[in-house]
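Each in structure tokens, the structures are laid out below.
One chain, chain A, appears in both complexes that follow, with chain B as partner in the first and chain C in the second.
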Partner chain A sequence: MKSLDQKLGLFSALPVVALLGLAFLAPLVVVALFSIMPAKVFSLANTPDFSAYAVFVQQGYYKSLLWSLGMALASTAILLVVCWPLAYAMAKVFKSFTLVLTIAIVMSLFVSENIRLFGWVLTLMKGGLIEGHFRALTGIGFDSPLYGVPIIVFGLVYVYLPFMLFPLAQGIAMVPDDTRQAAYDLGASRWQVLWQIEIPLAAPGIVVGSLLSFVLAAGALAESKILGGQAVIAIADDIETAFTFGQNWPLGSALSMVLIVIIGTLALFGISKVDLDAIMGRKR
Partner chain B sequence: MKASRLTRNVLFVYGILMIAFLYLPLVSVGFASVSQARYLSFPIRRYSTKWYGEAFESSTVSELLLTSLSVAVVVTIVSLVFAFFGALAFARYQWRFRNVFQKLILLPIFFPQTVLGLALLMWFNSLGIIPTWKTAVVAHLVWITPIATLIVAIRAYSFDPALEEAARDMGAGTLTVLREITLPLLMPGLVSAGLFAFLLSWGNFPLSLFTTGADSTLPEWLYAKMVSGYSPLVPTLGIMSVVGSFLLILFAFALVWLMRANKEARTAQD
Partner chain C sequence: MNSSPFLSLRGVVKSFGNFTALDRIDLDIKEGEFFTIVGPSGSGKSTLIRLLVGMDDLTSGEIRLRDQRIDDTPANKRPTCMVFQSLALFPHMTVGQNIEFPLKLRKEVPDRRRARALELLDLLRLPQSYYDKRISQCSGGERQRVALARALAFDPEILFFDEPLSALDYRLRKTLEKELKDLHARTGKTFVYITHSLEEAMVMSDRIAIMKRGKIEQISVADEIYGAPVSRFVAEFMGEVNLFDVTVAADGSVSSDVLSSRSGVKLVPAGEEARGLLMVRPEYVGFADTADAFDFTMSGPLHGEYALGSRIQYEIETPAGMVTVEKLREDRRTVSEGETMTVGFNVENTHFIDEAS
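After this line comes the complex of A and B, so read on.
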């Protein structure tokens, strides 16, 4: 039985492993190789140098990186606070409403993110859904909040909300009711229960949710382009420009490598901490 | 501790507000799609469906829809085959590298999609492959196969391996067991994974952006028009794409409901 499982496991993993090897890991190697090519070449048959990384430092591309990481951090922190009560309610309080919420939120994920962000532009612009109607009713107009850093963070919070909410709800569902009840019985306050029981026990969900939203937000492009009107340049935007207008693949690759290393380290750290069998409901 | 009535109501209202928050932008797009004016401003003065008429007649639009549809259909079929086996390796079989495999599968989900698209563009270039919608299929697969695998794996965790063993003890070969026992048991997971795969591919834009070459999918076209050179067709096509997805979801729900009713009727007969 054991050896049959070994064989079947290996064989059934093969297609996915082949796909990821050929279309995920191999392209990453190509990016790494291109990042050490001299500027503006389109083939790997050149003498390597590290000029692209020098450009990253000299021409201030690290500023975009810091902006992206900062905005990702801000949106992750906001998401944690905004999603916690709802995740808690979905895991412990609501009954059939949890299903309604889950379906409604998952369905919103199927709408292309740029359509939803464009919807926010229509909602928030001057003469948009909110300001236009407000002005028609009261005669008083106000400036649109679009095209700035706060609105980009808002867009990140909006787009990545499900990626925080669902892992968080899963994590909170893993907190046994008995433990919480026991803490209350022993005289713990609501805050003590939150800090000493719920947060530590729901940690796997918190870690996965935070990592997922941080990592996705750090590599995001559409929010700063559509809502931010390029008030600040995101690192993903710089990468895109280097490849398209710049026609400088080595520079784009070097910028990508910096992002990949940061995100990859975080993702590997997070993934290694998480027991998937426990989260995904192994019954045996 | 039971939540008090007040807490429960507050949380309920919070949930409703969250749904409203998620869908408010789509309401704006919906209104914009039926505004007659070429340059939109709220409140809308004249309503008209003329942009829908124009969208239905435009050959650009039907080309965009055809490309998006081809990509999504191929991605759905291929990712389901991969996910079926992948989920068994993920959840069912106890084999030596299962842990490594589980973690490898998660990596593409954590990866910035724009960067993945660019990496694939360079990889195709060094292989001498010219990007078309078919290369976009590969790009979508890298991201969607892991998600489909996870969805099927949830189902694979919950089934009893004794069922497979019993069939094997009675002399069924590995393939027969897969076809007669494993496949039907995983079917609900495969249906939802297929739905996810189709819809995520249909709506995806960051991966398509660099990997479709001269072809263009619907989300790509919408993005291009949003960033520069606005067209009044943007809200119209956006709404058409959303309505299409929601109809598909309704269809899937109806299908599942029918299958369940059918099964119950048959068990009742026996």
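After this line comes the complex of A and C, so read on.
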């Protein structure tokens, strides 16, 4: 019976395997191959070289990469701190209100990211919703916080909040109330309960939330374009430019490969550290 | 010894909105005692233990430990510790780390922590090799022992137990009950145990408190609670029982519409007339071959015969209601259902429950 189950299982998995092979793996292979083509060719029938990777180093594209990774790291760290109390409340304190909150946050995803970011521009720009009203009422004006690195990080935090919040709430829900109370009863302070019990037991949620928001933020470009006014260039922006204006597919591919390898390694490392079955609600 | 009680509760009230979960509880627990609080679910026993441990605030009243008020001390500052029903072991730590947790919080040095943990493993009869095991590798009984070791590592003044054995199978429960009693004797600590199981309470406890709807019905040693309950509730909660409505005259003579008694049979004189329940446990009811062998007799058809392992239970449908008789297996009788039987008991094996009080 077991072998029949296994056969059926493999058989049922075929369609999704085919889809993933075609839609996910194939483009990745094409990009990998293009990244080792000479500059500005549009065919894979060329002698491979690593000139595109040389350009990545020589022409300072690594700076964009570092900015992207740095801002992704900053936004992930901020998200962790900002989301923890809210996720905690959603998992343990709010009852039916959690559902209301979930719906409200998910609703925001129904509006395109770009439109929401332009909304922030209208709110924050000089003469916009905030500064304009303030100046009209008091006669005192101030500079817009737009077009800088902090506002890009703010944008990343704002856009990717749901991707941190929900996995985190899921992770915190997995911490049994008894273990927290037991630790407290055994003499732990609230901080000790947080560090020694809650964080380790909520780790799967923390890892999944951090990975999601970091990966998405590292590949984001709308925030740096719209809110940051390209004060710094994100690596995703460089990739887009290389493929479009630059008409340099090998360069775009090489930049993509660097990002994919870094993020892929990170993701595999992170996932290997947590029990995904636990957060998916399967029995261990 | 100190004459003032070790742990004392005075007028402890806990209400949730309009609902009074605990209604003016007064209780004194002695040092080194194994004290068990028994009650059906909803009786308030779990609420009480949460107050004692410090996980909930009381609405009014006070709790004193060695004459010091502790009711406003938070749980992590109280010298008490609880073994949870779920055990609440830390799944991300090894057995050793679990046991050392309270010691680590006190900044005990690693060597001494480890030594103490190994000592406790010995005390709980777990092999020292368990020190590095994961909690998920331990069986139910082993986890129980780890939870106990962790609580003992805390070295509490009082150890509380919230039905820690209720999730285990019968055999293991029986073993651990005895081990717990033994552990109590060896450590000399004060144990306060909560359970809904009368058997558990009887096996282990020095004294038992019976709770009902947020109040304590009776506090006494097991024998007395079993043999001389103060109310119908306690009598029925503490196992099988036969209860008869009777009136006892001032001189102790018993009159009843349902029981026929031998003339001259008297209870210990109460001093004044009282209505109440005459209680007799099934093991004190016998089969009467001649009607005058017992102080009280009644007869009726046999309703059923049940094997309880070492004992046999008979139910007889008498005018006084269903009477339960229990005999050891070796005293089994050959009877058939519907057969008329006469049963009886003696006055010295009865207990009168005055319903007015």
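In this section, the second predicted complex is superposed on the first by the 278 of 284 C-alpha atoms of A that agree within 3 Å, B and C clash if a C-alpha of one lies under 4 Å from a C-alpha of the other, contacts with A are read in each partner's own complex, and residues count from 1 in each chain.
Just so we're on the same page, a residue touches a chain if its C-beta (ideal position, glycine included) is under 8 Å from a C-beta of that chain, and two chains touch if they have at least 3 such contacts.
Note that the coordinates shown come from a computational prediction; the quantities given were computed from them, not determined experimentally.
On the superposed chain A, the two partners chain B and chain C both fit, without a clash.
In the superposed pair of complexes, A:188 makes contact with chain C only, with no contact to chain B. Of the two partner chains placed by the overlay, only chain B lies in contact with A:263; chain C stays clear of it. Looking at the superposition, the partner that touches the larger set of chain A residues, chain B or chain C, turns out to be B. In the superposition on chain A, contact is made by A:197 with chain C only, not with chain B.
When the two complexes are overlaid on their common chain A, residue A:179 makes contact with chain C while staying clear of chain B. In the composite built from the two structures, the nearest CA pair linking chain B and chain C is 6 Å apart. Residues 181, 184, 284 of chain A contact both chain B in one complex and chain C in the other. Residues 1-2, 5-17, 19-20, 23-24, 26-28, 30-31, 34, 42-44, 85-86, 88-90, 92-94, 97, 101, 104-105, 107-123, 127-129, 131-133, 136, 158, 161, 177, 180-181, 184, 211-212, 215-216, 218-222, 225-226, 236, 239-240, 243, 249, 252-253, 256, 259-260, 263-264, 267-268, 270-272, 276-277, 280-284 of chain A touch chain B in their complex. Contact residues of chain B toward chain A in the complex are 1, 3, 7-8, 11-12, 14-15, 18-19, 21-29, 31-32, 40-43, 81-83, 85-86, 88-89, 91, 93-98, 101-116, 118-123, 125-126, 138-139, 141-142, 145-146, 149-150, 153-154, 157-158, 161, 165, 174, 199-200, 202-206, 209-210, 218-219, 222-223, 226-227, 234-235, 238, 241-242, 245-246, 249. Of all the residues in chain A, the ones that touch chain C in their complex are 176, 178-179, 181-189, 192, 196-197, 200-201, 203, 284.
Against chain A, the residues of chain C that register as touching in their complex are 53-55, 75-77, 80-82, 84, 86-92, 101-102, 105-106, 136, 150-151, 154.
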